[in-house]
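Labels for the chains are A, B, C, D and E, by order of writing; each one numbers its residues from 1.
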């Protein structure tokens, strides 16, 4: 059982590493979006540091969103999704492995390079810690929620933007709590409350989302 | 010859209307991204009106980007792209028709609803005129440039994010000129110079891009 | 044009020619680099405003210039490759891109390091800085596109097309200081009239620029040869070459 | 034993077949035939439980499949129009993936399997760069090490060359003779010994039957 | 007359075939045969000019196709592994699209064509909701109103039922008898009169020939 989990994660990572660009791309996208904002908004450092957490979070969200389509789509097209649904292992379990692989490939790199971007956007160190923490807790929730959206839309052609339509409203609470945490940190306040809230959401998502994803897939593929 | 142009545009529009969501999606995405910012950044109206042009342009750019993948991908998968390349009409000509259809489907709606968003973000009327004008001239350039990127990446699996990597740097100059025009307008200055620059870029893009797109397609499909 | 190009459009000849030229570039690079860097860092007078931190100029300016020069080279090669269907030119594009990216990165990095004492921030959203960053993105885009194709002939052609499209960024970078009023220095040494820099500072700078340029040439040739070998690894001439190496 | 009772399939309010009854016993190869669009693939999807019937039920070893998903899927190997081959991975890696998911034997010699499907020499090339038939062969490789009893195959012979078709047929026959069950659709004529072979002709529902 | 001289095809540095020479005259049906992965589809892609050869050239009416793209494509109908059918559009709309792109006659009766390919009754359903064989039939519909002289077909019989295969064969023979040229690949046996029929066996390049 655990073997299969590892195998699924392994295969997904392998397929991604085969296409080296698939690993670097989300990071690049993220960097580019973050740099777009100073370009579009002007270059005043105080303005920038004020909007920085919001911009980084929105960029992370968009990067996640863009990469979601990949999550099940390829598997759907080549038929491995069907095969996964016909496997004797619980679908929710297999699906969790896929979500984990996806998080490792898209959000982890973003987490790793966020210090660089903090410099770009003149973010203070306190706010930066808070930002990293919220990204660490928040992005897995995004991945899990996103996977539900993907599972619902995977059977449809033109699912791409429909997906963002479904997913963005779901992820707004995470965005709000996270940016509130960062703002609190920037103004020297205690932000533990927000972080705990996010952590509670994460626990909820990890226990419930896999079943929702599995159910959604059974609806989509029929 | 002109008949074929119309036919290609017509078929694309028809296919999109068949999937009604395909028309509404870019607008919805655009609206959601624009509303994410007040959420992520706080709701101070002076801050909002200051960043409004930048946000709207960035959102328009991302909406365009998300919808680009669709431009040739479906045609590639179902084989109509191959067929288009084997048609007796010049590929650059057919490709222009597809870009036009894409612009009509994705950017025109955004242009139409931008007044609404200007209100959301407390934009002044002068700045709003300038914004509309830059969107009107700038989005076709985006579509043409984007089409080159799509043409280059359509044969690749996982082209999606590679596309944004290629396309964003190319579209940054447009973003910069446009937001500078809007800022000039907002502070009561003359912004005709920027608009003319954009117009010149548009003319350049219209004359050269179709050939680049055709050449890129011949590379991708082989 | 074509007649002149043709013999060297043959892979084997170009390999040999590149091999002959390579040492010359290296010979030009090493002394000018050594003299330039020692003179610049140790002997040139300190700037009356900036003190010693101005010495970063000896890396920064050559790197920034070569970043653009590399792109221009690529653009020319891409044009030749696409218009006259010279496959080797497309290979040169692919060979140059990573070098250009590294130069760009060095320019950015040294600029940022210089900006900290000068402007009080590692990074400001200045037009020149931004456009240099865009140049880095363009380079990365080209490299990523090239790597994404498994058929390298197609990859070269695709990269060439993208290179030509990206040319619009070059004038923007160069004229950004003119078009926008920015923090960054305007043209100091490339002005047509008297350069507005002291001669003792200028000479080592020119030497450094020269050495960076020749090193760029050397690296392009080096990578070009590698690219050639890799692409033609099964051709008779490469096999012969390898066998000769093994024997000798 | 695979059985279905009173199966009715409705697609977009159009009846494809009505009250279909079917029994396939161990050792049998059931060949479902019928013109294009009659509902063969839809029937197979019902048999696998991927889609659910308008009415009627499918039974495996006398139990409804919906009531015993996991045991059923332990016995089931399905190959649809889409082959389930990952284009980025090589033939060998694809096989390793199948093996984990479908087989409890861990010591299958995968090179031997690749030899059987004729992919030796191509084991290190990503599937995307193989020809149509070669990609199909990767998908078929899983039949050579699976222990599933029930094989459901939708047009397995697509894009295979003659020699590959022959060896696949042999493999099917061998599976049936060992007590397995095969349900397949194909438009090509098969050369399978009478003893194991059973045919089902699906025909278009008449106009009166068109709506439920 | 379609001709190719000294055609060499290299895919990822592996030689598929070397110095292939080929002449197909009006009235001939050329059937390219060979095991999976030998290079049939690659050869067809070279013949259409979709991909360019490592060396050698393809000639149409004694001129290089690269020098006369537009005239060549006026005469060419190609059907690849992918069928060029838009999934969102109905059969009828797909046919209208083909008609504009391939035919100068504007008064073709498309219902008649749909009748010929057996899609009457399905003309208003988006192609995505048709069966595999029905989607293929839409793609084949274009052969019934095109005026192209040269048809290049890559496994046109995939997923067709027996009756559809027969009527497609008849259509090919008719085209040849009217002076057209057909080049096709398929793994199935064809029943085509000797007079028009020509076969080309592609075989794997030997190991020594493997690299150029």
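As a working rule, a residue touches a chain if its C-beta (ideal position, glycine included) is under 8 Å from a C-beta of that chain, and two chains touch if they have at least 3 such contacts.
Here the structure is a predicted model, which is why all the values come from computation and not from measurement.
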> What chain pair shows the greatest number of contacts?
Replying inline: A-B
> Of all chains present, which has the mean Cα position farthest from that of subunit B?
Replying inline: D
> Looking at CA centres, what chain is most distant from subunit C?
Replying inline: D
> In angstrom, rounded to a whole number, how far apart do the mean CA points of subunit D and subunit E lie?
Replying inline: 29
> Between subunit A and subunit C, what is the gap in Å from one C-alpha centre to the other?
Replying inline: 37
>> Using mean CA coordinates as chain centres, what's the gap between subunit C and subunit D in Å?
In response: 57
> Can you give the whole-Å distance between the Cα centres of subunit A and subunit E?
Replying inline: 45
> Counting only residues that touch at least 2 other chains, which ones in subunit D make the list?
Replying inline: 81, 87-88, 126, 129
>> Please output the residue numbers of subunit C that touch at least 2 other chains, ranges allowed.
In response: 130, 137, 140, 144, 148, 150
> Taking each residue of subunit B in turn, which ones touch at least two of the other chains?
Replying inline: 19, 74, 157-158, 162, 165, 168-169, 172, 176, 222
> Which of the residues in subunit C come into contact with subunit A in the complex?
Replying inline: 121-126, 130, 133, 137, 140, 144, 147-148
> Where on subunit A does subunit B make contact in their complex?
Replying inline: 19, 21-22, 25-26, 28-29, 32-33, 36-37, 39-42, 47, 50-51, 53-55, 57-58, 61-62, 66-67, 69-70, 74, 157-158, 160-162, 164-165, 168-169, 172, 175-176, 179, 183
>> Help me check something: in the complex, which residues belonging to subunit E touch subunit D?
In response: 11-12, 34-37, 39-41, 81, 118, 122, 125, 129-134, 136-137, 155, 158-165, 187-188
> Any idea which subunit B residues touch subunit E in the complex?
Replying inline: 3-4, 7, 11, 14-15, 18-19, 74, 77-80, 82-90, 221-222
>> Considering only the defined contacts, which subunit D positions touch subunit A in the complex?
In response: 45, 48-52, 70-71, 73-74, 76, 78, 80-89, 93, 97, 100-102, 126
